[in-house]
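You will see chain A twice below: alongside chain B first, and alongside chain C after that.
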Partner chain A sequence: MRTKTVLQNYLFVLPAVLIFSVFYIYPFYKVFTLSLCQWDGIAQFDFAKSFIGFRNFIELFQDKIWWGAMLQAGYITLIALTFQNALALMLALACDRDIKGGNIYRVIFYLPPVLSEVVVGLVWKWIYDGNYGLLNHWLTSIGLSNLVTDWLSNPNTALTCVAVIHCWKGFGWGFIILLAGLQTIPRQLYEAAKVDGASSWQMFKSVTIPLMVPVFILVSILTVLGTMQVFVLILSMTDGGPGYHTEVPVTRILASMVNSSRFGYACSQGVMFGAVLLAVSFVQIKLSKYMKQA
Partner chain B sequence: MKERAKYKIERFLKDSVIHILLIIVSIGCLFPLLWMVSSSLKTQQTIFSDMSIFPKNPMWGNFYLAWTKGGFGMYFLNSMFYTVTVVFGIVIIASLAAFAFSRLKFPGKNILFYMFLAAMMIPLPGSFVPLYVLMTKLHLVNTRIGYILCMINVGLSFSIYLLKIFFDKMPVELEDAARIDGCSRLGIWWNMALPLAKPAIAVIVIFNSLNVWNEYILATLIFSSKNLMPLQRGLMIFQGIHITEYSLLMAGMTITTLPIILVYLIMQRHIIKGITTGVIVG
Partner chain C sequence: MDKKFCLFFMLSLFIVFLSVSLVNCGPNAQNKEQVKSIKVWHWMSDREDAFLELAEIYEKETGVKINFELYAPSDAYTQKVRAAAQTNTLPDIFGILGEKRDFASFVKSGYVYDLTEDMDRDLGSWKNKLFAKALAVNEFEQANSSGVKPGIYGVPIDVTNIQMLYNKDLLRGAGVDASRPPKTWKELIEINEKLKAKGMQGLVSGWGEIWMIDCFASNYAFNIMGKDKVLDTIRGKVPYTDPDWIRVFDLFREMRDEGMLASGIVTMVNKTAEQLFANNRAAFAFNGSWCVNVYKGMNPDLNYGVMLPPQASDKYPMTIWGGAGSSFMVNKQSKEVQLAVDFLKWITDAPQQIFLSKETQDLPSNKYSLKDIPMVLSQFANAMDNTTHPNVWGVSESPLVIEAFDKGIQSIIIGEKTPQQLGSEIQAIKEREMKKK
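Right after this comes the complex of A and B.
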């Protein structure tokens, strides 16, 4: 009876564990094995035959396009960390003042994050269009025709244009989290500070910022992890072009797999990139702990 | 008195500046969508020259053309089908597992639960490569069931976690009473746990629906037949083939986006609550 009950209890978790093992754990294990192999994805896979040790990783270390993609993702991340989060914080502070219609703004700001990256990318691609785009039309009509360019085909502007759209899509998310954080700060603290004659800036500096540090850390870690892995937006806007100017790590992994049928190399890129992401978030957590003590 | 008036004026000025800022950002959020709809109502001739936001003769027929000739009707039904089945699957499978993790006893319970938890924390970029290999091996490439199972897996960890937290708060007395009345464990799950967890299930349904509806990369790798593809994939296919038919593309994008916006406007309270709890959870 007792064993029967226990066995029946296992039945409750069985479907979840089964799906998870097949579609998460097995690929997780496979990505490491494949990263040590040379395999085109078509031939019958034979580990002994295709095993090449760390050669994929050695090649990857010398792959200039790969590290360029890493840098470009870093550039987008830097813009997201600074501009996107600064805008999100500014708007959150504005909406935290019990302003009229605060909820309407909240609904509007969170609209871009719920849209699909494909739709967002294609709409902005149309606005940025070099020949018929709205942006160039406006620039011409206000007399700035010297700025007119084919935004997404120009190597000097393409990456920044993509980064701006990534921020456009993402700031509402940061805004919601920061606002939720701001609203947990007890009002009495502000009132007490006011009684003591503190200015708005002093209150912001000595009440808001210290209490918001955990939220800032959370938002910045999630921004870094999310932005470094951006790629659908890029597929729909530039597909990595012009040249390799808007390539990011995940588009490179996809290219190795789909365009050059190098499944092993693609997996080694995945492993390397995963390690970089883990290291970055680890450093961020350490750094924030250190800053909290200081 | 004078001080008070001065304070009021100051406050009014400050609020006005803030409102102006907020309104500018709001326009920035909404305008691209407006432009998408506006472009979808222009003809193939006027779209490149007519820069008005409200076209004089809106071509509602574009939506019909996109739905039939553009294939967006088919893509739409596919997206609908995947969203409903995946979300249904996630709710059933995740709630069964979360109920067991919260209420039932069996060896290895904690290890299994932490496994799901770890999956949420460890970033695994490019996991689509081995996943594709696996799907080929299992002959699940270019099948609906293959895509559905993959997408169920994507939403599983988060949903189990959220539901377990909810079930943990469920009063034990209720459960005991049900047990004395002769309710089986499955009966307690169905009659008690699920109805009580409605708020958490609402969050899970909304987030997974958005996620499935907006998913692109797995749909790209798994499907090669057009008649199985969901909307996001269909959009990219369409813009690849009919590169200059912007008005039909924009109509297709409007068809893709409209359900999302409707659901969002109806459910925005749950969504905003969900994102905050979701992040605190993660």
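Right after this comes the complex of A and C.
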């Protein structure tokens, strides 16, 4: 009877295990196996013939363009962590109050994340365009023609322009999560603080921030993971150019796989990128535990 | 309760199994109908309607149904074909996008049928009606570096070449004789001065798509140092720091310093470049013969002509990229190889090629189908003798070197690198890649 129950339990768990194995464990195993091989993605895969050990990883460690792309993704992430999340928090704080038409604002702020990334990229590419662009047109019309430039072809501005659009497109996610977090704070705490004569800043500093720490951590982890993997915007706006100025890890992986037919190397890039993201998330989780305790 | 649930669970599993089995039986049931049909995968969205019309005609003539399946854009198509190759589900006819080494890998893996015998049959009647340069792109010669058995492995359905275009109205507006487009680099620079004085942009091209930079630079490399030296560079016998290569890179520096390049050219996709040229926003464009159809759609009144890129040296002739525009291959593992070959023979016959050319404004691959094509298109056709393509060179450059070459030229255009710096950087990568071999 006991054996039967155990078997029944395994039977019920089996679909989940199967799905997890097929869609997570096997692909990871396959990618890792390929990362140890030299394979063009066309010929029938023969592990014994294509096995090259850790040569792809050794090359990857010496690949300056790859690490440059990682730094550039880091730069976009830094901007997203600061400006994007600050904007999201400000708007969430504003919408948390009983303001007129609050729901309309919520819908408006949540619109950019819903839009297709390719469409957003193409529209903003047109706005930034050096020939027809609206941005240059506006700058000229308000007498700032000295600022007119080829925003996406200028190596000094291209990456920041992409980062700004990424923030514009992404702040809605943070806004929704932060707003949900703000709404879970008991109103009585604010009322009590008010009775004690606390100012708005004191209430924000001593009530809102401590209670929002877990939400801030969640938002920051999602921001880092989401932003490091940015690539659709870049493909539609600059395709990594000019030169390598807007290359990010995912565009490099695509370049290795599609342009150079180096599937093995692309897989080693994928494994390395995954390891970096895992390490960053691990640090964030450790930090969050420390902050909670503090 | 538990027993009932288990019974229900097992019954559900059985129903799912039965349904899947029945679905898999579907194609067998269709096979019983004995309808002869072949499947063609392509990526050419602009040709889909014309293909469907031809398929209808072919079915009426022969009773063979041609199922064209469009998968666009080309990046997605490329991935689909590669995935299908891995799972042995390639259609009867398909195209291979990519470089010659990818094509070679498909052939070596046994996915592509050798068409040499069919091409040579009846004293080469099929082969002889196609442009030789277009056929060469699909051919592997004796002792090729890819190690592929020599032969013809694809059929070009149209041809293309990439040249420069000039806007006659803008040239006239700048006081230039539009009937005499520039033939030398010096003349080009002089005309650019006049254009600049009138506030007009010089050259526009989709150099955000780096293969177009590669193409432009390659034209001038052939012009300045000749084919042999270019190929010797790929073989590793001539360094990229050679003065001739520095001269090639310096042309881009010169264009930048002379203000000849359209604003934002380094991140510009070719579609945007085509819009600018079609809307009279630049006097020159560097584009392929497919542009005739594109410009016609964007601005039917555009008054333009075609010219070879102006020569930077008189040592060697100007050679341009060209050859097969799009090609089809027959799946070696298909059960309908002969039907597929017959269809490809038919589609490259003169009446079908004339139809395709009229519908799509592409150059036909059949050299006896050039009648009744528009003037501009015939100008493109006239330059077919000047064409070459990396796929016919017999040696291929490492993809890492190509990327460094193209991205490096972008860096020259944005003023980040000098031609000498670029030459040294590419050479360092080249040497590293040579060591790997």
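We take it that the second predicted complex is superposed on the first by the 268 of 294 C-alpha atoms of A that agree within 3 Å, B and C clash if a C-alpha of one lies under 4 Å from a C-alpha of the other, contacts with A are read in each partner's own complex, and residues count from 1 in each chain.
Keep in mind that, in the parts below, contacts are C-beta pairs under 8 Å (C-beta built on N, C-alpha and C of every residue); 3 or more make two chains touch, one makes a residue touch a chain.
Keep in mind the model is a prediction, meaning the values are calculated, not measured.
In this superposed model built on chain A, chain B and chain C take up the same space, so to speak, and clash. Of the two partner chains, chain C is the only one that A:S153 touches; chain B does not reach it.
In the superposition on chain A, A:Q8 contacts both chain B and chain C. Contact with neither chain B nor chain C is seen for A:L36 once the two complexes are overlaid on the shared chain. Judged by the touch definition given at the top, the superposed model places A:F273 against chain B, while chain C stays out of reach. By the touch criterion stated above, A:C167 is placed in contact with neither chain B nor chain C.
More residues of chain A are in touch with B than with the other of chain B and chain C. Of the two partner chains placed around the shared chain by superposition, chain C is the only one that A:S260 touches, whereas chain B remains out of contact. Once the two complexes are overlaid on the shared chain, A:G243 sits against chain C while remaining clear of chain B. When the two structures are aligned on the shared chain, A:L89 is found in touch with neither chain B nor chain C. The superposed model places chain C right into chain B at 217-225; the other stretches listed in 73-81, 91-99, 163-171 or 217-225 stay free of clashes. On chain A, the patch touched by chain B and the patch touched by chain C overlap at residues 8, 41, 45, 131. Across the interface of their complex, chain A is touched by residues 2, 6, 9, 75, 78-79, 82, 85-86, 98-99, 101-102, 105-106, 108-109, 208-210, 262-269, 272, 276, 281, 399-400, 403, 407-408, 410-411, 413-414, 416 of chain C. Considering their complex, residues 6, 8-10, 12-13, 15-17, 19-20, 22-28, 30-31, 34, 41, 45, 87, 90-91, 94-95, 97, 99-101, 105-112, 114-120, 122-124, 126-127, 131-132, 134, 137, 168, 172-173, 176-177, 180, 218, 222, 225, 229, 231-232, 235-236, 249-250, 253-254, 257, 263, 266-267, 269-270, 273-274, 277-278, 281 of chain A touch chain B.
Those residues of chain A that touch chain C in the shared complex are 8, 11, 40-45, 129-131, 150, 152-155, 158, 237-239, 241-244, 255, 258-262. Contacts from chain B toward chain A in the complex involve residues 15, 18-19, 21-22, 25-26, 28-30, 32-33, 35-36, 39, 47-48, 51, 93-94, 96-97, 99-101, 104-107, 112, 115-116, 119, 122-134, 149-150, 152-153, 156-157, 160, 185, 189, 210, 213-214, 216-217, 232, 235-236, 239, 246, 249-250, 253, 256-257, 260-261, 264-265, 268, 271-272, 275-276, 279, 282.
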